[in-house]
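In the two complexes below, chain A is the common chain; its partner is chain B in one and chain C in the other.
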Partner chain A sequence: MLYAGIDVGAQSVKAALFDGQKMVGSVCTVTEEAADEAARAVYADLLQGVGIQRQDVEKVWATGWGAADVSFADGKSSEQLCAARGARWLLPAARTVVDIGAEGCRVMKLTPEGTLEDFANNSKCASGTGSFIELGAVYLKVPVEEMGPLSLAAEGAAEVSSTCAVFAESVIISKIHEGETRARIAAGIHRAAATRIVELIGRMGFIEDIILIGGAAMNPGLAKALEEMAGVPLRVPENPRVVVALGAAIQASLKRSRRGKSAS
Partner chain B sequence: MLVAGVDIGSATSKSLILDGNGIVAAHIIETGPESQESAEAAMAGALEKSRLRLEDLKYIVATGYGRINVAFAGDVITEIACHAKGVHFFFPKARTILDMGGQDCKAIRVDAEGNHVGFAMNDKCAAGTGRFLEIMASLLRVPLEQIGPLSLQATEDIQISNVCTVFARSEAARHLRRGVPKANILGGLHAATAERVFSLLKRVEIEADFVISGGIAKNIGVVKRVEEKVGLRAYISEEPQIIGALGAALFARERAVQA
Partner chain C sequence: MHEIFARYAENRHEAVKKWKQETGKKVFGYFCCLTPEEILYAADILPVRITGTGEPLQQADLHVPPNSCAFARSCLDAGMRGMYDYLDGVVIPNSCDIIFNMEFFWRTLVPRPTKPAMIAGVDIKPYVHYINYPEKITGREVVPYYVEVLKNFKQDLERSLNRSITDDDLARAVSAYNQDKSQMKRMYEMRKSDPAGLSGYEAWQITYSSLLMPKDKHAGILKGYLDELESNGHKAPEGIRIYLSGSAMDQVNADIYKIIEESGGQVVSDDLCVGTRSFWYPLNEELPPLEAIARRSLGTACPRSTVTARIPENRWTHLLNTAKDFNIEGAIFYVLKCCDARLGEFPHLRDKLKTELDIPVLFLEGDYTSEGVEQMRSRVEAFIEMIEG
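Now for the complex of A and B:
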């Protein structure tokens, strides 16, 4: 039996296919299309990639800020719940899930059994989200995917304020003017973003194991800054972008088995 | 007696020369990366316009974000005090001032003598500042001086749900892609700006007369929407961007008399 999860984020749409035992396929596409069209396109890619037909999929489950717009979904669940499901499936010891996306950051606290106990969100301010690092890359004139590796090459870090992504521009320009290296400024940008994220993790109590997911988890510079500032190790799964979509697919599989039980 | 005020803001640097009769000359330039250079260039502009030399000025006061880096100034005074004093010069009955600058926004309470008696400030977040509007103007490819008038042509102000400039920009871009008219998007963005500064004003108890100063006072779209929120007509001087420099020059005159 196959279950699909679709995570409609602010910048990209992710889809994952789950067969009850393992993830059999996933897709992530950066898109500017409206949620439903983007979800349709990504879902078609997913099915084509795995080589199956629409009717082979038992259920499609949506999540993310655009979940309500996915017209072909059989149901939807919150990102928090799906993040918890996906993370726990990848790392059964996970007690804290840190999900850093383009336009938000959320930290989920799980019980020892893996149910969602509490969460803290930042969806109001670009500081402490992927956007902060993306803008930093623009100001530094460095491709965004090079920001992490560049920051890892730095000795120490330049002081960059964590308050506003827009105001960081003038700070970064004056740092360049003062002769700071791009590597040290990049490291400072990662530390600034991490400051805000660590605040959220702190609110959830720093309970290990901590798993880092979302697009920004692919940035080794951010992972390092977070580990240094939080003082605890973070686990990053192989494909951190699709964990919430995977969680949605798992959620679809649970819905079905629950209904099956009640029917019997 | 000739004195001057220099106001080094995050976006623009202003200088103003004052004599016994009033304003002699004023000059506005964009602030560069070095405050000292920006201060010198702004001052040189006003001196050139008035055919004066730096030595002719008896006293100079610096204010603004970059004020401590102005080597030729005799003293430095906060923007809050300078704005209160500058506004009082034009509008002695002013009791509430909204100063909207490039990277900050201040609500200032002022007494009958032009002293500031309370203030609330946002300099931590770009929402409600000139930078917010600049970023939106560039997204929509509308010249900055035209966004205000265009926003007044909105048939409806589109709802902008994000406060954060970065997120509001993505939101505006999504509306643009869906074909929403620029005027309506600008209407929403200006309404969001007015909303943001209104929450700051509420922290200082709004009392008439109400004055708006700073670069955004030139944006009719923001002014109209702030007036609607506040329920008072806003008094705006002919050149609202030089109010801080004028206040600094008025302080310079006091210092020169004392010296």
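Now for the complex of A and C:
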């Protein structure tokens, strides 16, 4: 039996297909369309890629910021729960899940049995998220994919403020004028973002194994900065972007029926 | 929902103005659940709690620093904009650090309807009354000291109003307050069942209107309404049983109750000042009325930042008892930014809840706007889903 999970994020829509044993396919598309249309398009891509029809899918489960707008989903769950499900399936020893998306950062604490025990979110500030690093890339005139490798080449790091993405922007510009190397500034940006994220991991108690997921997990510079600052190793799965979508698909496979919610 | 409670919750200013016009009586505004409002009631005055607007500040930001409580700033802004022009006086107790500053701000910045009556440099008919609530609320000297403070306040009122407030007036007020408190307790009792007898939002509307209506009238309407609910077996939508803790919960952020309900939860009790703290502590009718009022005010478990013990034991005791009596499954702390009193006690209460009762806790940082409340939705959903397992 096949289950699909769709994760409508702030910047991209991810979809994954789960057959009860393994992930049989996944898609990730950056989108500027409204959530429902984007989700439809990504879902169609997923089915086409795997070569199956809609009726072959038992259940479609939505998650992420735009989950409520996915009109064709059979149900929805929070991204925290789906992240926990997906991460745990990929790494059965996982106790802490760090999910860094474009606009949000979440850290989930799991019980030894793998259920969600607690979570911490970034509040209304984008520092400590993917868009913070993207913003830095714009000012450094570096493609965002190169930010990580660039920072790894740096010796030390420039001081960049972590309190506010807007303040950090002016710091980056003045560092450029001061003649700092781009590599050191890039390293500073990653450390600034990591400071915020480590704060959240700390609130959840630094319990190993820690797994890093979300789009920003593909950035080796951020992963390194996080490991250094947290002082514990982080595991990054192969395709970290689709873990939450995979979790949604797993959630669909677990849910027999939706819990009766109040008629509101 | 009873239409009177809903009317007060939806447009408090219009409702109070209408009452004032119909009765021709005086209305005083006050801050904080520590206020000895019973004395106002005894003087035939309607005490109404001052709340803010949640709108961007228009005037207060010139006077109050931005890194202070958004609720207090918004209240002052509403006053400066003339939204409280129907008040005949304002009472401000020495409660948290920002509220006690409101005495100065309100006196100097908010237009008053009456002229000061200056005698030898002293305004003998003040518009803003200050209650010097003691810093230290325990110890032998506290009650006699505070009774003295209340006596002075009573005399100030008598001078301002050209009338006397007798012990009979005070006893009448104490009894009216107790009647309303017992109906409010009864309303909370009904929420102990599963599903609760009333939803969190309904309970909030009833509590909020109790801070804006004369207590005898409120008690009467509430009694009738609860009788009706009981006889037709009314139940709130089922949900994970939530304890709500936090800062001032007024019409700006009360949507949090609806968001919790829509996410599959139901608020069944709280420790809010627009909540249990406004009625939980009955007045002892055996005591001289002023002493009974003083003891009620001193006994109110408020997290104001100026208390001597950083985390008073009574805050935890209330939480512990409520968690057990109301079968709490999760606690949501919805605390406004810069609410020092709340933020100071939060880590302590959170850790005790988790370790002693194994109750999960969600912390939400409010900014006193309704959009800010809406942004909490996804975290509330995730929290309730986490408890559902």
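Just so we're on the same page, the second predicted complex is superposed on the first by the 254 of 264 C-alpha atoms of A that agree within 3 Å, B and C clash if a C-alpha of one lies under 4 Å from a C-alpha of the other, contacts with A are read in each partner's own complex, and residues count from 1 in each chain.
Operating definition for what follows: contacts are C-beta pairs under 8 Å (C-beta built on N, C-alpha and C of every residue); 3 or more make two chains touch, one makes a residue touch a chain.
Keep in mind that this is a model prediction, so the values were computed, not measured.
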{"item": "Chain B versus chain C as contact partner of A:71, first or second or both or neither", "value": "neither"}
{"item": "Which superposed partner A:103 touches (first chain B, second chain C, both, neither)", "value": "first"}
{"item": "First, second, both or neither for A:118, with chain B first and chain C second", "value": "second"}
{"item": "Which of chain B and chain C A:80 touches, first, second, both or neither", "value": "second"}
{"item": "First, second, both or neither for A:166, with chain B first and chain C second", "value": "first"}
{"item": "Touched partner set for A:48, first chain B, second chain C, both or neither", "value": "neither"}
{"item": "First (chain B), second (chain C), both or neither touched by A:177", "value": "first"}
{"item": "Doubly contacted chain A residues - partners chain C and chain B", "value": "124"}
{"item": "Residue ranges of chain C in contact with chain A within the complex", "value": "237-239, 258, 261-262, 264, 266, 360, 365, 367, 375, 378-379, 381-383, 385-386, 388-389"}
{"item": "In the complex with chain C, residue positions of chain A that touch it", "value": "65, 77-81, 115-119, 121, 123-124, 259-264"}
{"item": "Chain B residues touching chain A - in the complex, by the definition given at the top", "value": "10, 33-34, 103, 124-126, 131-132, 135, 162-167, 170, 174, 177-178"}
{"item": "Residues of chain A defined as touching chain B within the complex", "value": "10, 32, 34, 103, 124-126, 131-132, 135, 163-167, 170, 173-174, 177"}
